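The first chain written gets the first letter, and so on, giving A, B, C and D; residue counts start at 1 in each chain.
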Amino acid sequence: MIHRFQPNIYHTSFGSHRPVLNIANGDTVITSTVDNQGRNAFDKQVTTGPNPLTGPFYVEDAEPGDTLAVYLDKLWPNRCIGRSSTTIAPNVVDPNYVIKMLTQHPRINAIWKIDLERGIATLSRPITQLGSIKLPLKPMLGCLGVAPRSGQVISSVTSSAHGGNMDYKGFVTGITAYFPVFTPGGLLFMGDGHATQGDGEIVGTGIETSFDLQFTVKLFKGKTINWPRAENEEYIFTVGNARPLIQALQHATTEMIRWIQKDFGLDARATHLLLGQCLEYDVGNVFDPAYTMVCMLKKKWIPSLR
Amino acid sequence: MIHRFQPNIYHTSFGSHRPVLNIANGDTVITSTVDNQGRNAFDKQVTTGPNPLTGPFYVEDAEPGDTLAVYLDKLWPNRCIGRSSTTIAPNVVDPNYVIKMLTQHPRINAIWKIDLERGIATLSRPITQLGSIKLPLKPMLGCLGVAPRSGQVISSVTSSAHGGNMDYKGFVTGITAYFPVFTPGGLLFMGDGHATQGDGEIVGTGIETSFDLQFTVKLFKGKTINWPRAENEEYIFTVGNARPLIQALQHATTEMIRWIQKDFGLDARATHLLLGQCLEYDVGNVFDPAYTMVCMLKKKWIPSLR
Amino acid sequence: MIHRFQPNIYHTSFGSHRPVLNIANGDTVITSTVDNQGRNAFDKQVTTGPNPLTGPFYVEDAEPGDTLAVYLDKLWPNRCIGRSSTTIAPNVVDPNYVIKMLTQHPRINAIWKIDLERGIATLSRPITQLGSIKLPLKPMLGCLGVAPRSGQVISSVTSSAHGGNMDYKGFVTGITAYFPVFTPGGLLFMGDGHATQGDGEIVGTGIETSFDLQFTVKLFKGKTINWPRAENEEYIFTVGNARPLIQALQHATTEMIRWIQKDFGLDARATHLLLGQCLEYDVGNVFDPAYTMVCMLKKKWIPSLR
Amino acid sequence: MIHRFQPNIYHTSFGSHRPVLNIANGDTVITSTVDNQGRNAFDKQVTTGPNPLTGPFYVEDAEPGDTLAVYLDKLWPNRCIGRSSTTIAPNVVDPNYVIKMLTQHPRINAIWKIDLERGIATLSRPITQLGSIKLPLKPMLGCLGVAPRSGQVISSVTSSAHGGNMDYKGFVTGITAYFPVFTPGGLLFMGDGHATQGDGEIVGTGIETSFDLQFTVKLFKGKTINWPRAENEEYIFTVGNARPLIQALQHATTEMIRWIQKDFGLDARATHLLLGQCLEYDVGNVFDPAYTMVCMLKKKWIPSLR
């Protein structure tokens, strides 16, 4: 079944809020997200930030201990303006360098013109030595996840085992994301679309804009995972969200080991041997309270997938 | 001038050891490295590990405050056998998972057959579910650097501002690496060649083997850098070596900001705006005492390089 | 006004749960807490853990931006049995040591006999080389805090700016704790009493028991603080709750600087000069998701308090 | 045998430098140290900093795998002037607070008058709201240690398993410090005396001054330790030096577990049970490249010492 859902309420936290729509295993939803500050497709402020989320979507039969798959069928900006910060966060530079950096320029937003047909974002202002630099669109969701464990309600500026504000460039059209279900219905949320974004989201924003998106859910009953997972044609990947950064990496690596051993039938030695020479890491958000590290493996290295 | 240098002494630390060869600005050296345990091209133990280094090469006129460029003209395994560990390090998995992981199998080495013509490493043993998995060769130097600041002598198992054991997959044929000169002559060292390696070197080894290599040095008098830098056709990149992991990222990011502002003429606002949407991160060694993070920027995004 | 409040509902999170009692500025409450697993003064399980909290108490007129003071008039175990874990957490030992440590003995609880008159806890079992070791009671609250910012609901096993599970030995009879008010009424919670506890709570428990306690609230309208603060006769102290550990220390140190400059009239130079030679640090919880560091200064060093 | 040794050469690193004096097991040395900038008892600059060290003292028969005990018989300032920094380091405050902090005042040194008879340091200048604040002297050594493992030479501004610049307030008259011997003769160094110091040395200095000191060495042949240890009348303590801060804590905690199990005959369960409720932590240097955490246990809690 395909649902067309026009949101009119937004949450700035992941938690057991009242569902906006009930959907079933296999259903598809066509909906939209506002930008990080609550502006919609007409660049009109319809809610307040930070990171207002569309949802939650209640997935029938989803229960704690299950895994919820979300196929990102399509996500794309739905307006022609995007904004980005122009100030690198102090926590990603040397403590001794912060003073030099922050006194150099006041905080303002950059404005980007988004050309949806050609797939390009062009810098409009401020006027800098970059001129009208053009970047290719790589639309991604900064926020994606479910209600957290133990009835917690967690702000949409951070992340944990439930997903959240991971700001990872890999959450794009065509991937399937997997989340652990912690509460009945799972309660799926999404938001904070970026037309493109540098690794780490070190200025605290991508090119922030509103999105149209379509997704399809699938429920894996009784399958339990510990951290968000995802896959595309080429890769499987696992996501760790924590601070310090090494802990995010530890969560992602551990989840990858579990995945390979449990689902793809490799024993411990084969798993270690393989990951040692073939694993890849990507860096998600290093701006927010929790950091995000992604552990990746090409499917072609997994014997049972070849 | 081209020097052919056959090493017969190796060091397991970066420091002011007696130079093995004096070379001049612009000179090329053709030499070799032994593997991480001190085995040479005939797989014969000629020195002891860990990570015995070829060098130091004394670069005439190099003085503290200069920058030493090292062009990696060519590096390639010079034998047909490689070895890798089969045990993931406890510091890259969840503390609570260590107990499960380490009790599963004893530590042994895997043996790989290196086909130099076809550029492939094939797993010989142990016999696992991976069978005779074949990986493409991506020969890289695990250790590369100069004598450290303040007359220190630092083990070749770790890294810092002088380079060292960074285990970064980007130190391959065709790149130019830049190091700060801390001591007269700079004192260049290299070693720990890997036929290929996964991100992070999480088992503590790549596919370890001996290398033939050719490099050319160039001296930039009076140009001072703070951390290792490098470039290839497509990217410039900076390297931070420290623990915790976020500090390595901070060093790399700060060095990238300095580079862009000083050498490519962008002011602070343009630098932040650009890096926010275009910067990329890579993960080097997360096994050794110090961790390595790499900050990258495509040259095409830098106005003065277009 | 003095309220005698017998709890019959407990929460395992800090958040905007329905208040159990409304109290006014200056009111005193006499109440009790169950132990970390939900056992009451009769060692009877009356609710489920982890760390069930008494509260929330709604303080009239408390609004976001105010500060809520909690005087701990008296807290004392109300039963004769306490329990502690006998397994050190893997995250407080070297990653390489975890395997040695965890294979040495199964996880069991130790039982302590609490002598309320003599103020002593005596080990009852297991039988170990420690025999019937006797420790002096130093009753403290492991959990103390208010509803978190932004409508979040945060588990009682962790901590942040709202307080929470800080497991700090300094939250004892006679201290005054200060919390930022994030939500109307502040919503005060407490629980997880320990008859005594080692620094860091490295086994994940103190000697866990149920408590009787009496506290008095005072509201500071319009006074805004960023992190929990406290004071006793001798010291003022600030509390940072975060991971990594250095970040907890950073929060606590920064809050101490703010406190001294704003409330005690020292300028920046005097503040730095003084703290450099007189500041002290204490270590709270290093077991839970967030770590706790405490920054302390003797009142006698503050000119305006002498 | 008692040696009176007047240093005339100083090192700014711990390493295999040429010994200044050979001493035997049981010998006592009476000597002196210059301050962190190389000024002697007459406040005359006799060498350059940072942290010039007296030594190394070669202890006959000391070999790798042994433990070297250093009894600090007496250490005391030998002049009437001390200096301290007045600027808190950016790495101990919130990254977002650094900008506020550092713009507030220029970096200058404070001058203290040291009254050796009354044991008091009095602030002379700058003139601040602190007036002529008087602090009790608690003379301690900021630097203490031996030559590091693997022939390394490590700067005297940092620390590791060999000791080094730990800036811990516990290295005072009357304690016995234990260091692992990594190189023949052990090669003992000391320096960086502080008339007093706040926890963490967060301004990068204590009240820096020159010292007279007397120490006695004792060699434990074949006894191997992993990290510095120490004891006084009341406590045994272990020292971890590393970054991040939690790793310093992990090293110290692990070394305490080893100590208790190996030397005091407690099995794993008794050790965990005891440390869980009785361990204490102290914070050493959180300013320098490596941080220092100290793990302490009162001797009265150890059955075999009662």
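Note that in this section a contact is a pair of C-beta atoms (placed from the backbone, for glycine too) under 8 Å apart; a residue touches a chain by one contact, two chains touch by 3 or more.
All values reported here derive from a predicted model rather than from experimental measurement.
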Worksheet item: Chains in contact with subunit B and with subunit C: which ones?
Response: A, D
Item to complete: Using mean Cα positions as chain centres, tell me which chain lies farthest from subunit D.
Response: A
Worksheet item: Where are there more C-beta contacts: B-D or A-D?
Response: B-D
Worksheet entry | subunit B and subunit D, separation of their C-alpha mean positions in angstrom | 34
Worksheet item: Any idea how many Å lie between the Cα centroids of subunit C and subunit D?
Response: 32
Worksheet item: Measuring from the mean C-alpha position of subunit A to the mean C-alpha position of subunit D, what distance in angstrom results?
Response: 47
Worksheet entry | Where subunit D touches two or more other chains, by residue | 91, 95, 244
Worksheet item: Touching subunit D in the complex: which residues of subunit C?
Response: 84-88, 91-95, 97, 101, 104-105, 110, 123, 126, 128-131, 133, 135, 196-203, 205-207, 244-246, 249-251, 253-254, 257, 265-270, 272-283, 286, 291, 301, 303
Worksheet item: Which subunit B residues qualify as touching subunit D in the complex?
Response: 12-13, 15, 149-155, 242-244, 247
Response to the item:
Given the complex, residues on subunit B that touch subunit C span 89-91, 95-96, 98-99, 102-103, 244
